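Each of the two complexes below includes subunit A, the first together with subunit B, the second together with subunit C.
Presenting the complex of A and B:
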């Protein structure tokens, strides 16, 4: 089919990259933002703007909250076809209580999994979740969107497209194809080492685009490779759902054997028993960690089979100083506080898995590494964006001669996914500052409105990109690029100003108090505004130059 | 020495190391020193210097963090440093002459 390996690799790289590049752009950009998801949460929920807190007292703070938590109406609604007979409205048998925190969380996320009576599948659970201020135990309103961890982050791995888990599959397929694109890209690249440091902005447009594409692809290659790979590893359970397909018959047996081996009860005994002091268990767990030279805070705390004689409490150490998320689990009998089991050191396979997932999920404390991850993610965005632009530049004059609309469509889609996506992200932050505390009756919930505005703004950016795309069909530049750059600059400044007006948390104040989570989000947006403005200026100069001089096509052909 | 300072030194070392690697390439040498070609012996020495600088930086990263985290910090520092060197070569190539104080900047 192709004359040689390099040409076949070029075909694969070009077309697979083009189709899935649009998805990867979203994954990279919102992945880069998710590095600071909890900081974006604080920006979006002003009542959570205080210092990060350790896990609060279970006996005094957490237990009373857990006991009042009930699933939301939407969750109950989704249960309708999973139950024989009427769906209960109140749930009484909690299977699991849990709370997870990291060194970056001021507020605490809690969840309860309830048994569902008359469920068609035996192990069906329904979850309730709540966010509290751990200093007082007061709940935050449920109708507040954590834009970082509750929207940008899920967007990164699932596109928030949950129907039949399709979003996860699209992202997973894109990650797989990205690995192929990396390999084919390396094979196509003739001078990987000789041109490692090469970016020639003054050469012709195709050459400089390709330079930048190669540079951001090659120097961040370890990042690109490991993040695509570890992303797949994290969701391996979704992509290879063998425990609930081929191995389903063994699943139950495995759980029983596991329970036998660990001594942690697999099922409820059916005998009610009160829960002892979990605070005392936390003290014991911390004493044991300190004894091993690993003094630390509680990262994850869970109670299994709540209220039953078989109930046990699991306490995990926060992985602040290591790559693994949590570890050193110690399990106590809930009624007596007796230690049932101390998790042994991880096996080699577990350690590798913990390292691979932990390096991607990054709950550790290392600010330099966090920023380097942002750089890696943004380098990925530049790599994909220059890939699109190179595709268009290479074809648009030829397409113009042939009267083909191909380059025009790809260019408009590129505007949508490059600048349009940033416009939408700023749109949701602005909506977050402008919408009322709770929506009037007849309107969707506030957090739903914020998400609708995000998608609405993005759709508008797409309409704009296509509406202005006619010049591309004549081999010229789409003015939407420059206009959306200006929009980004304007919206970023508006978002920062709105943060000031609605919360009083302007930069002078947050910076002088060294409140970096909020100051950082503001500064990042202002830096983005600066980049967008200078890009708009360059695009204007280029447009003027092109209209002054008749364009002549030139440049190397490659890919 | 505070950890942050150690990491800053590690970062500077990788930037210098990447810079020395770049100078060992003819095209970039010409960008910095003009037409004067780089003697082969110096080219070899530049590669050695670059390698040693990266190794030194890895040692410093290991001194600050657990090995698993240090490896990630070091790899990502390499990425950032290569970008810094590449963009310096694009716009301010002569600045790299600071890495070889003994060599006089060419005349053109």
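Presenting the complex of A and C:
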């Protein structure tokens, strides 16, 4: 079918890149924003605008909260087809309590995994989650959406499309295509190294678009390759659930051997037992870390088989100062506080795996690298967006001659996923500042309203992009590009103003207090407004130039 | 569908479905084999996952680059099936 390798790679690059590029755009953009997910959370939830906190006392603060946590109605609803008979409404056997925090978390996220009676799959768990102010133990309202870690971040890896995990699969396929696009892109071009240093912005539009596409693709190639690959590795259990299907018996054998070897019970004993002082266990864990010259904070704390004689407490050191998320786990018998096991140093494979996934998820402290991630992610967006534009530029005159709508449709979809996506992201932030603290009865929950507004705004941007797309069919520019750039600039300024009006946290105050999480979000939006404005100006100049050259531009004559 | 569209559908199918089946086989055989050879279970799993996605990438590209599509299908489905079956065989021997 293809005459040679280069042509086959070009076909693959063009068509897979086009189809899944729209998804990749979402993945890259919201991935870049997720680097600062917890900072965006603070912007969106003003009551969480204080300094990051260490793990609070388990005995005084966490335990009473864990004991009252129950799964949400939505989660119970999703359980319906996984249970024989009626779905329970109240859950009584907690398999796992857990709390995870990092050096960037003022509020603390907690979860409980409950056993599900009559579940079709024996190890099915249902989760309850809660966010508390660790200083007081007071819970934050359930319907406050953490826009960063609770929405932009899940968009990045699942498109928040959970039915049959379909969103994860679409993102996973896109990541594979990203890898294939990088390799095929390199094979397509012979003069790879020259392209590293080639950008001719003054040449014709098609040439400079391709230069920018190659430049952002090649310069950031290691970054893109690394993130696409490690993203797949992080969710390998979803994409290749081999050890939970075909090799489940082998996995089970390993778990039992492992429980024997580590002394950490694999199952409940069935005998109730109270839990001892976990605070004392934390003191002991920290003493042991300090003894090894690794004094540190608690990052992850979990209680397994809660309330049972086999219950144990696992305490992990926060990975603030290194790449692995958490480590140096020490496990205690929950009823007595006796040390059952201290995790041995990671094996070679485990270290590699922790390094790969840890570098992707980046929970350690390194602000410069954090910003480089944002730049890398945005470079990926530029690479994909210029790919779309090149596709359109290359074809639109020919399509105009043939009367084909292909370039027009691709261009409108590009408007939707490039500028429309930014408009939608600003839309949810504005909604977050404008919606009442809790919605009136009869309305969806506040957090649901915010998400609906996000999708609604995005859909409007799409309608706008298609509605204004007619000039593309005549080989000209879609005015929606410029109009949505102006919308981005306007909405970004509105969002910053609303933050000031509704919280009092204007830039003079946040900057003078060096409260960077909130000041940073505001400044980032203002910078975005600046970029969007200058893009709009450039687009206007171009449109004027084109119409000056060609006063009668109603037909495809200038093709 | 004309002949060229058939060809393209065949290539895409081989790259995605064949590639998936082949990668499944690689990971399954790798996990079972390395575990049997004494590697810690989750170490074997992590190592094979990382290698598995690189294998998937390679066979995905090969499905488009290869001269004969029929050979791609045979290697990917046949190879994937054989490796998965071997993995189950190893598992049976260990249990």
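To be clear about the criterion, the second predicted complex is superposed on the first by the 547 of 559 C-alpha atoms of A that agree within 3 Å, B and C clash if a C-alpha of one lies under 4 Å from a C-alpha of the other, contacts with A are read in each partner's own complex, and residues count from 1 in each chain.
Just so it is clear, contacts are C-beta pairs under 8 Å (C-beta built on N, C-alpha and C of every residue); 3 or more make two chains touch, one makes a residue touch a chain.
Model, not experiment: these values are computed from the prediction.
When the shared chain is aligned, subunit C comes close enough to touch A:5, but subunit B does not. Contacts of A:223 after superposition on the shared chain: subunit B is touched, whereas subunit C is not. The partner of subunit A that touches more of its residues, comparing subunit B with subunit C, is C. In the superposition on chain A, A:243 contacts subunit C only, with no contact to subunit B. In the superposition on chain A, no contact is made by A:276 with either subunit B or subunit C. When the two structures are aligned on the shared chain, A:356 is found in touch with subunit C, with no touch to subunit B. Those residues of subunit A that touch subunit B in the complex are listed here as 194, 196-201, 215-216, 219-220, 222-223, 321-323, 355, 359, 364, 366, 368-369, 372-373, 375-376, 379.
For subunit B in complex with subunit A, the residues that touch the partner chain are 7, 18, 21-22, 25, 27-28, 65-66, 68-69, 72-73, 75-80, 82-83, 85-87, 89-91. The touching residues of subunit A, counted against subunit C in their complex, run 1-2, 5, 8-9, 11-12, 173, 176, 179-180, 183-184, 229, 232-233, 236, 240, 242-243, 246-247, 249-251, 253-254, 258, 347, 349-350, 352-353, 356. Those residues of subunit C whose C-beta lies close enough to touch subunit A in the complex are 4, 7-8, 11, 16, 23-24, 27-28, 31-32, 35, 39-47, 49-50, 52-54, 56-57, 60-61, 64-65, 69, 84, 87-88, 91, 94-95.
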